[in-house]
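Take a look at the structures below.
Next, two complexes with chain A in common: one pairs it with chain B, the other with chain C.
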Partner chain A sequence: MAEGLGWWGVPLAIVAGTMRGGTPFLFVSLGECLTEKSGKINLGLEGTLLTGAMTAYGVSYLTGSPWLGILAAGLAGLVLGSIHGWLSQQFRVNDVAVGIAMIIFGSGIAFFFGKPFIQPSAPQLPTLNLAGSNVSPAVEAALQISPLFLLGLAIAPLMKWFFQSTRWGLYVRAVGDSPDAARAMGVSIFKVRMLSIMAGSFLAGIGGASLSLYYPGVWTERISSGQGLMAVALVIFARWNPMICLWASLLFGGAQALGPSLQSVGIKQGYYLFNAAPYVLTLLIMIVTCSPKRTLAGVPGALGMDN
Partner chain B sequence: MSHRQVFGVSRRQIIRGLLATGAFGLTAKLGTGCTSASTSTSTAGDSGGGSSGKDEPITIGFIYVGPKDDYGYNQAHADGAAAVAKKFSWVKLVEEANVPETTAVAESMRSMIDIDGAKALFPTSFGYFDPHVLKLAKDYPDVQFFHAGGLYQEGTTPKNIGSYFGYIDEAQYIAGVVAALTSKTGKLGFVAAKPIPQVLRNVNSFTLGARSVKPSVTTQVVFTGNWAEPIKEAEATNSMADQGIDVITCHVDSPKVVMETAEKRGIFSSGYHANQLALAPKGYLTGAEWDWTNIYSQIAEEMHAGKKLMDGGIPHILRGGLKEGFCKVSDYGVAVSSDTKQKADAVKAKFMDGSIVIYQGEIKDNKGNVVVAASESLKQQDPKLEQMDYLVEGVIGSIGS
Partner chain C sequence: MTTLSSLPSARQLDRPPDLQVNGMTKQFGRLMALDNLSMHLKSGSFHALLGENGAGKSTLVKCIMGFYQPTAGELLLDGNPVQIGNPRDAHRYGIGMVYQHFTSVPAMTVAENLVLSRFGGAGIINWKAEIEALRAFMSTSPFQVPLETPIAQLAAGQKQKLEILKQIYLHSRILILDEPTSVLTPAEADEVLGLLRQQVSAGELSILMISHKFREVMAFADEITVLRKGKFAGSGAVSELTVADMAEMMMGEQKVPTPVQKTSLPNATPVLEARQLGANKDNGIAAFSGIDLTVHSGEIVGIAGISGNGQRELVEVLAGQREAAAGEVWVNGERYTATRAEMYRHQVCALPEEPLRNACVAHMSVAENMALRTFDRPPQAKGILLLLQAIRQMAVGLIGQFSVKTPSPETPVQNLSGGNVQRAVLARELSTEQIKLLIAANPCFGLDFAAVDFIHTQIINARNRGVAVLLVSEDLDELLKLSDRLIVISDGQFTYQSQTTTAEYAAIGHAMAGH
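Up next, the complex of A and B:
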């Protein structure tokens, strides 16, 4: 590494950031997208993300296999999801309130069981090196892509296809849009929502695994720093469309890298502003895309309703 | 009315009463008793073989803001506490980790005093002080409080509060010397949390140390905005590595992410808070570590001898650097050449005999203003240094937001 990249470092960091930092956003937002399509909100994914991160790190450390860690993270998410799915569908129970309880529960579980895993170093996921051997080390580091990111990339169109073209996708949409119609079709609303929430939490758990086993690749109690909640907001921002979830996640991942990379090329002013870039971006896009004439396009009809 | 009555109380009232008591007990327990990792390590009092009747145990409480094994600030304190408990059989250690800087810490301190019978408390996080330590000190005038940080004010602060802290920037100065001599590009990086005086002092001392041996060296500083931002810390390290920076150090709560990311990128790292050699076996050069063992042992011994903060037996302000054993420099890593080791050891020797002053004029800030005049020589104790609001020449970055 003889010389620096100079200004090229900024776009490089952003591109690398989209792939590194965007992965947890991608999984959580896809999970939440599936959940919300069925008509329930799961705010608890923040807690699920933390539990997933802790489980993945712990299992990877104990068994030596990061892949088992990912599976365990997904299963841990599944369990938390089943609690949320069951609770939030009880009579007169509000799903937002349950979600907030699940944030506290999930993070509490993660902190409690995560104590012994803060210090040791767990085996990390292998990365796929896309760069050739003759590029500079900076580019090489940026192009080390996690298989989880590729998995997320594949899930997004798959989920879109699932919603559009499969019978099961139709059930989920029906339950989310008009539970009465779904009931008339003979679909069990409880089961569909339960499965959607569980599957969504499974994905969020894997998102947590990407935090602790890929980037930044440690388990600490502040690893998520609100990413789970941001991903939930991101789904609204993406209009419940899995493909837009993908772009939005990449955008947020890249925006995270903006602050540090600008400082490192010598932009001295306004780093708090750049650090706030993801949030500013959300606000801006919300303002630009809002319209007084209609409600949010694409919102599932029964979302957050008491039924 | 067919309700069965027991002593004139209806069944409904009994059930209500039981539920209320249960709920109260549960919440009270949740609020105080079982806050996260409350471990109490009691060393067997009779291991010394009954040397004298004076060996009655003293209970000392330690409170940490984060986990005890984070390779960082909290681990440094916890290591010191554990060493004291190991050294003196008459010390009974009570610890609690992950206590936020809220009324939670007041509850922890209260239960340490009331339930465990602690005679001295070490609330180690800066933010515990005002108002929680101040309030508890008034409520329990017989208990001694030792707070890590520079907040004691003669006259206004209660007599049973003492303050201790180390000049760890001396160790950062030496780390700067090692970094500058090892760096191939002459560019150093510093991942910092917030632009507050303690952090700026470390950045400046690191840079002054580096430039004392190689005047052309620069330090790029990146502020992440908060004490624990794992992703931003990783991004900052990666971005700096992209810019050709080849030694990175930091001042954040847990340096683990920075050290591991630097190692992955194949560049050198210099630690902070505790020894992080295990995280970066190839690139770890050295590091600035706290060494609380000495100060904690000293305080424990003085308390054992019956001295107290209240009557001035233990000084209210304890400060020190390398010489006094408040901090230390990590053992040099494999990447440090023997020539560099010699030069760094020479600087360390100067700190040990007190013949070096880091902030010796003339020092300019990175905008060209003179901040320490040529005639000035700011010793470590100088209050001016505790209000530092500049970055010295050679630092690339700005503290203004």
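Up next, the complex of A and C:
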């Protein structure tokens, strides 16, 4: 699509790719952020993402309404979240272990029910046109914006406000930082974590929907390519701050778009290397942010502990 | 039975209700933590709850608060039986508690914690209005704490004041305090308790305080109830009792404190030497720097200071829990980096503060925790195999020797009472015969007087055997009693050094405050 523009196509493609590729990251990382703020880790969001993608695609195909597909994807996430929320809070159960099991479970469900939807094409989400009418078709195509992206943009500041200025937000932070303190205040740790995990999974499910109904807009079994797991790294990078999650998601989305956009202007060398950019970025973040000498600012005090 | 809805909210109670506990029993598994205990907290009185470590004091107040569900027993408020299912119910009856461990959320600000502590209320918080209301509240409250500061940045004393402020903010009429002064300096403790005493005398508040400090009980309390092994062991008016009477009720026998007897040792050699030592806090800011310190064999060097002035980090560096940012440490004339092998070779023992967090694996058993230093050596190991029988046997021995109160050696250490965790760690660290260097931080934090006496005697005995002891403590009396040489640390620097015999109280106070 960027061929007509020559080298200008590269930044344009990256901007477009940032919005497209960043959307699932945005939903999953916001979901993970909410979950981790309550003190539990949900690695299972990788599975939730796949289940969400499959459900959205399937429901959109069967009913003809992509919006119903999105809702169904969120609900499917909610169900997976409630399983994780219940299991990971049982006595002597580790949330990371449950998360890995949930990755396998979620992808298994998606592959099992998704088989019949690989071939047919489902109605896609309509997009909004950002560019005016007098630009070249290449630019116009690049600047198609999904309402899901806008929704994600709105949720990030909303979540920040939620953590700061609502009683429930304070509960979530209290439970994640100091369960003993929360218990002393009569807050039910089980309920708060359960609801946080479920809401987080709901968002991740919608993230899945954006994969299959927006970009790349198909349903295949390899569609998530580890984005759910990268979102966990992204949340650490974002210091558990929803607004930074937003910028970090865009960064990851941009990194993902690097390979394809260079390819579109004919750079073939190192194609696979550029495609690996998000993974390299994840590794780098992990290395840079870990240090035995200081604790991470913003990390919920009880994150990943068995209590 | 009074139902919650028919009850006036805490705000409307104009006088503290009369609280009666009848036949309270609480069982943890086979352990009777509380056995048919009754007590009476009269309206507008200051009542102290005494007892040895593990006597069941915390369990009793947690049952009153609805934090634990008692196995049997009832609560009467102004003569009416009430059911308290959780701390939220307790609050509605006007009962509030300051727990033994802080219950503010470290990552949140003072203002956020105060608003959070208010049960119920609007879902959306109007911060502008809240901050204004909080400012107004602060201006009339007995102590001040900065509203915008995150809890993690408050010193221990300020945190404790905040915990009490929270209850005043919540209009609690019965205030339960679980060892409220263990983290305060004596002056701070007197200030806080004095202000609360005024409110009690004015008839606005009843207080039920757990304490190990007779001095405070004598100065502030009206009445006492004593627990022994979960059972009622006595009660009475403070004005009619002496410290010896109270101690006898607690222990069931008379006990005189062991006098401190120091023997002077010939040819003292330097054991621990720190040169230009420096380390950073968690946030990367320097905790202390340029510290020169020598501890000789047969000498106790005491480090005094208000908490948060670099003591914790100093102990962590010496115990191998933190990397030094600058300088070096020498032990017995060799470079020392506090690895496990070096600690074993030089026989270095460490008793860090907050032992449950810093020196124990909380969910592992008492026996396993006691073996942490020795499990991989004979007689507890043979090759790569652990001899569980030997580990258990050693634990049983230590539990007896140090009188650790635990249901069994297999109990997870986190289920022990605060004082008994301390004993378990002490038992592990002092079990080797030939220790050369002992590093102790607040070793008597939260211990009953018999245990304090026991530990002081152990430390003095170690010194008399030629052990070099570095004793970091916030309790100045303890330091003046035990140490040979006294150093004051303030803001990461040594600001005062003197032999204890010639130390001046006023100069120490000034140095601690950083002048």
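For the reader, a short list of remarks on this structure follows.
FYI, the second predicted complex is superposed on the first by the 288 of 307 C-alpha atoms of A that agree within 3 Å, B and C clash if a C-alpha of one lies under 4 Å from a C-alpha of the other, contacts with A are read in each partner's own complex, and residues count from 1 in each chain.
The rule is simple: a contact is a pair of C-beta atoms (placed from the backbone, for glycine too) under 8 Å apart; a residue touches a chain by one contact, two chains touch by 3 or more.
Keep in mind it's a predicted model, so treat the numbers as computed, not measured.
When both complexes are superposed on chain A, chain B and chain C end up sitting side by side without clashing. When the two complexes are overlaid, the chain among chain B and chain C that reaches more residues of chain A is B. Of the two partner chains placed by the overlay, only chain C lies in contact with A:Met185; chain B stays clear of it.
When the two complexes are overlaid on their common chain A, residue A:Asp177 makes contact with chain C while staying clear of chain B. By the touch criterion stated above, A:Trp168 is placed in contact with chain C alone, chain B being left untouched. Legend: residue contacts after superposition of the two complexes on their common chain; A:Ala141 is shown touching chain B, with no touch to chain C.
After superposing the two complexes on chain A, the closest approach between C-alpha atoms of chain B and chain C comes to 25 Å. Residue ranges of chain A in contact with chain B, taken from their complex: 1-6, 9, 12-13, 16-17, 20-21, 111-112, 115, 118-119, 121, 137-138, 141-142, 215-218, 220-223, 225, 256-257, 259-261, 263-266, 268-273, 275.
Taken in their complex, chain C has these residues touching chain A: 67, 86-89, 91, 97, 99, 101-108, 112, 115-117, 119, 121-127, 280, 282-284, 323, 363. Remark: chain A residues 164-168, 170-171, 173-174, 177-178, 180-186, 292-295, 297-298, 300-301, 306 touch chain C in the complex. On the side of chain B, the complex with chain A involves touching residues 36-37, 66-67, 69-71, 98, 185, 187, 189, 220-225, 228-236, 238-246, 254, 256-257, 260-261, 264-267, 278-279, 396-398, 400-401.
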